[in-house]
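Everything on this sheet refers to the single structure shown next.
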Amino acid sequence: MKKLFALVLALALAISLMPTALAEENVLKYGVDADAAGGFDPHTISAVASMRMIGQMYNTLVDVDEDLNVIPELATSWEQPDDVTYIFHLAENVTFHSGRAMTAEDVKYSFERILDPEVGALGNSSSYAGDIDTVEVVDPYTVKITLKNINAPFLANLSSSYCSIVDKDVVEANDGSLLLADGGTGPYTLGEWVPDNSVTVKAFDNYFDEAGKATFDAIEFYVLTDASARLAALRTGAVDLISADTAMLDLVENDDSIQTVSYQSRNYTGLFLNVNRAPFDNPLVRQAINLALDREEIIEFAFNGKATISGFVPASLGHWAVDVTENEYYTQNIEKAKSLLAEAGYPDGFETNIIVGLLDSIRDTGLVVEQQLAEIGIKVNVQDVERGQYLDAWNGHDFDIMVCQNGAGSDPSRAVAFFFKTGSSANIQDYSNARVDELCELAVATTDTAKREEYYKEATNIILDDCIVAIVASPQEYFLASTALQGFAPNASNANNFAGVTLAK
Amino acid sequence: MFKKGKSTKNRALPGNESLLRQLWNDPMGRAGMIGVGIVILLAVFAPWIAQYDVAKMHAKDKLTGPSAAYWFGTDNFGRDVFSRIVYGARVSLVVGIVAVGIAAGFGYLFGMIAGFFEGKVESIIMMVMDVIFAFPSILLALFIVSALGPSIVNTMIAIGIVNIPVFCRTVRASVKTVKSTDYIANARSIGLKKMTILFKHVTPNVMAPFTVQATLALSGAILTEASMSFLGLGIQPPNPSWGSMLSDARKYMERAPWLVIFPALFIIMTILSFNILGDALRDVLDPKLKL
Amino acid sequence: MRDYIIRRLLMLIPILIGVSIAIFVIMQLIPGDVVSGILGIEETPELRAMWEAKLGLDKPLVEQYFSWIGKAVTGDFGESFRTGEPVFPEIMKRFKISAELALLACVIAWIIALPLGILSSLKRNSVIDRIVRVVALLGVSVPNFASATLLILFFSKAFNYYSPVKYVGLFENFGTNMEIMILPAFILGSVMAGSVMRMTRSSMLEVLRQDYIKAVRAKGAPERVTIFRHAFKNSSIPIVTLIGMQIGGLMGGTVVIEQIFSIPGLGQYTLTGISQRDFPVVQGCVLFIAFVYVIVNLLVDILYTYIDPRISYS
């Protein structure tokens, strides 16, 4: 018995004497809502959660700033001899994490990899790099890209991580996959990934751009899926920064040690109606649904008030946006909605299904819509489905009404053409309007911004008047951080940019 | 099934004291009966008890605390928590009872057959049970609901299937113990038919562990449904189940504690009551305990 | 006895085949597939075709199954569709974590439940009995995600404490590992304690009224001997059955707790596999869990023969 006691005592002592943390490290601890999915190959990973790390590990030729201007990244400058030719001059001091210098050959290789059908890269579509015809190495720091056809937003689209520049040697050393390898040039390199717990990226000392250099020895991303656990971790100092849920915001309003950081996203949430299915093939029904919605109320309930009424080209897209507050279908009018329904042959309404999933704000939007449509006699069955089923409905175009949250991208070629042009993969409604198609093609075929704006605005207005969607709002995105975190200013173009960010400890 | 037990007990105990009365005389039994009674009353009379439509949102009264207008406060949609709890009793109870009914029925049947006949029959039945049981229960339930599509019926089927082996194993284990006792051997030697032996002697004897399992499984079913809500495959909204209410309320635990407290209280009360009632029932049903 | 064990181990084969077919069929029935998860909203028919060819999903179903099982019998569980990582080493890594959590939870449950169960059976129908029974039930009565969230909130508000966010293995740093595991294990243990306690109590009651216990008592044996040597030992069959089932159930059944506490266990691996429709991962995890379950139950059955010599397997 005595021996046992001694043993326990010794054990307790040993535990208490264990080194807690060696020196106080300069590490940013970031509590995130989801784990990286699948890995970190910038060309094949579409999961938003993985982008957080990919953004630290890789660079693209160009970047876009908050106001959607194209700015230099790996390319210091570029010129356009004609509408389909782009010549990029590369920074000369860029090194990959492997230590090898990056040259024009690597840029050529990266785009070849994106265009290689075997790779199945996400950038292999005209929304990104799919329109590239040839990539030529002019000299070690000059690269010439020729497109098959005019693609006005091409330059801006190159800022997508799907167009990251990767290290050929690393790709080849890993059997063609970068999922668990790091072939980047970014300010941080991939450290350890403990799936379902954490991802660590470590500072890369030879980063080419002084301004973007790593300010932390490492950034540790912690997977804390539960919102209240995330907040608890932030409050106790276990992490320095978390992605926040709007439900948490008033809890920290009076907390001096916690700051709220936010930006207006370029995403929007709304209802997509299946225009080929009765009764949504009837424009009157679609108008009635739009008129039945009280968008302010949806914002209050589904986004805790932290969103702005929006169309599918949100105001954050600047001059491309169409002001929807002027649109007649954006103001709730129950009486008119009812009479439109009656006119359409549904005086007593009808029953329909609405698919929701993926995000709380999508689900909550569906629940509020169910209540609002009930007022004009439409009985809605909310189907809260799991991710796989949701994606099935999306890809199979199999739904009556679907609530979606889409990203409008940085150009209407995404916001308009990608979602509403006939035959486009994301046109889940199979909507087809000859004039919209024509306008989208005209807009792609010119690089004249004024003209493009004119075309897209006309297309936007046609779609709005057709009422095939009932877009509600564009959400504000939130972070909560310890007040020690300084210089963190995320924006919709770059939500996880830690350049110049420091922790005052 | 309980009827069988009752007749056995009546043989053991002279007089016409009813099962319910015996339960009522036991303080624990009484507490359990009252608790279960409250839940059943809530479920049956929900439309009369609830003050509001469960889906009705009140924009002006979002996240308000308990008050005269909203006894248990309102949630993030301004929906009345009390009304949702009352209707939630229906959903949770029906899910629990039907799921356990499926599980207990099939489990009892398979367990009896396996335990009694032994040999090949037992091997095959127990193998199928092992296949089912070898899946982690929550994952199997998730699997089934993902495949069938989320709905209340599929939730009940999934939870039911998941629980069959628990009953089957419990019943079989008890049958084995009972069989090794002398009086079964005696019964056999008298030449009673197998089926008669099965029901007359084994049934009352497996009743006790079986009842314990059934009450536990009922609580388990309510909890599994809650976990499935947490993992995103629960009852379809806007219908409330206590589990989904609790899961939805986690984000608001600090801001609006009543959203967590009330569903949790009702879940605790229900599960405690069922368990306590199960215990009491066991004491009453078990013929030998009175000797 | 040896023949029995060999026979039981041989029975593993049909069980595992049954499980693997069941998983394969369910994975086909479940809406959505791994490709739509990979591509998200960027999906186009061309990209889909590329990925299906890459992952071998364009082959006939039967061929897909047999090519998988063909490799599985040689111990090769294949690679994850998503990360390309071999599945088996990852399973082993995570099994250690889940097993540690499950065992800790069991120990906590036993510490709480066995004494309470015995006490309550001895003091049957007393006030102590009633209090003990209600307290033991509290753990089972709350959905564990709620108690976990509540506990996290409580510790953060009351003590400004959050358990270490970075997972460390048992052998890397024992202290930190225990700190990470103790709260989740306590929640899982308190859930298990309720049923173990009830089973202990009811089995004890059943045994205590048996004639031979009366005989032992009549012979004047000390009460402690009566209770532990005779009553508890003989009432432990259902308890052992229950514990066996619970350990089996905890493999993967810890998924909710693992998620809330960010513990990289087997449950989360399986869940991620299911939600990403990552067939090799799901197949590997569930088969492994099934294997562990069968082995645990075999051990339980063998234990029976030691506890109750009347039970024999021949």
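By letter and in written order, the chains are A, B and C; residue numbering begins at 1 in each of them.
By our rule, contacts are C-beta pairs under 8 Å (C-beta built on N, C-alpha and C of every residue); 3 or more make two chains touch, one makes a residue touch a chain.
In this text, all values refer to a predicted model and were calculated from it rather than measured experimentally.
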Required steps from subunit B to subunit C (each step between touching chains, minimum): 1
Chain nearest the overall C-alpha centroid of the shown protein atoms: C
Comparison of A-C and A-B by number of C-beta pairs in contact, larger one: A-C
Intercentroid distance (Cα basis), subunit C paired with subunit B, Å: 21
Centre-of-Cα separation between subunit C and subunit A, whole angstrom: 37
Separation of subunit A from subunit B, taking each centre as the mean of its C-alpha atoms, in whole Å: 44
Sequence positions of subunit C contacting 2 or more other chains: 30-31, 149, 153
Overlap residues in subunit A, where contacts from two or more other chains coincide: 226, 228, 385-386, 388-389
Set of subunit B residues in contact with two or more other chains: 146, 149, 250, 253-254
Subunit B-facing residues of subunit A, complex: 226-228, 231, 245, 247-248, 250-251, 297, 300-301, 304, 360, 363-364, 366-368, 370-371, 381-386, 388-389
For the subunit B and subunit A complex, residues of the former touching the latter: 55-57, 59, 62, 76-78, 146, 149-150, 232-233, 236-238, 250-255
In the complex with subunit B, residue positions of subunit C that touch it: 11, 14-15, 18-19, 22, 26, 29-31, 125, 130, 133-134, 137-138, 140-146, 149-150, 153, 194-195, 198-199, 202-203, 205-206, 209, 237-238, 241, 245, 248-249, 251-253, 255-256, 267, 270-271, 274, 286, 289-290, 293-294, 297, 308, 310-311
In the complex, subunit A residues that touch subunit C: 15-16, 18, 29, 31, 35, 37-39, 44, 46-47, 117-120, 122, 124-125, 127, 177, 179-180, 194-198, 220, 222-226, 228-229, 232-233, 235-239, 385-392, 394-395, 406, 425-426
Residues of subunit C that touch subunit A when the two form their complex: 30-33, 36-47, 50-51, 54, 82-85, 90, 149, 152-153, 155-156, 160-162, 164-167, 173-176, 178, 258-265, 268-269, 272, 275-277
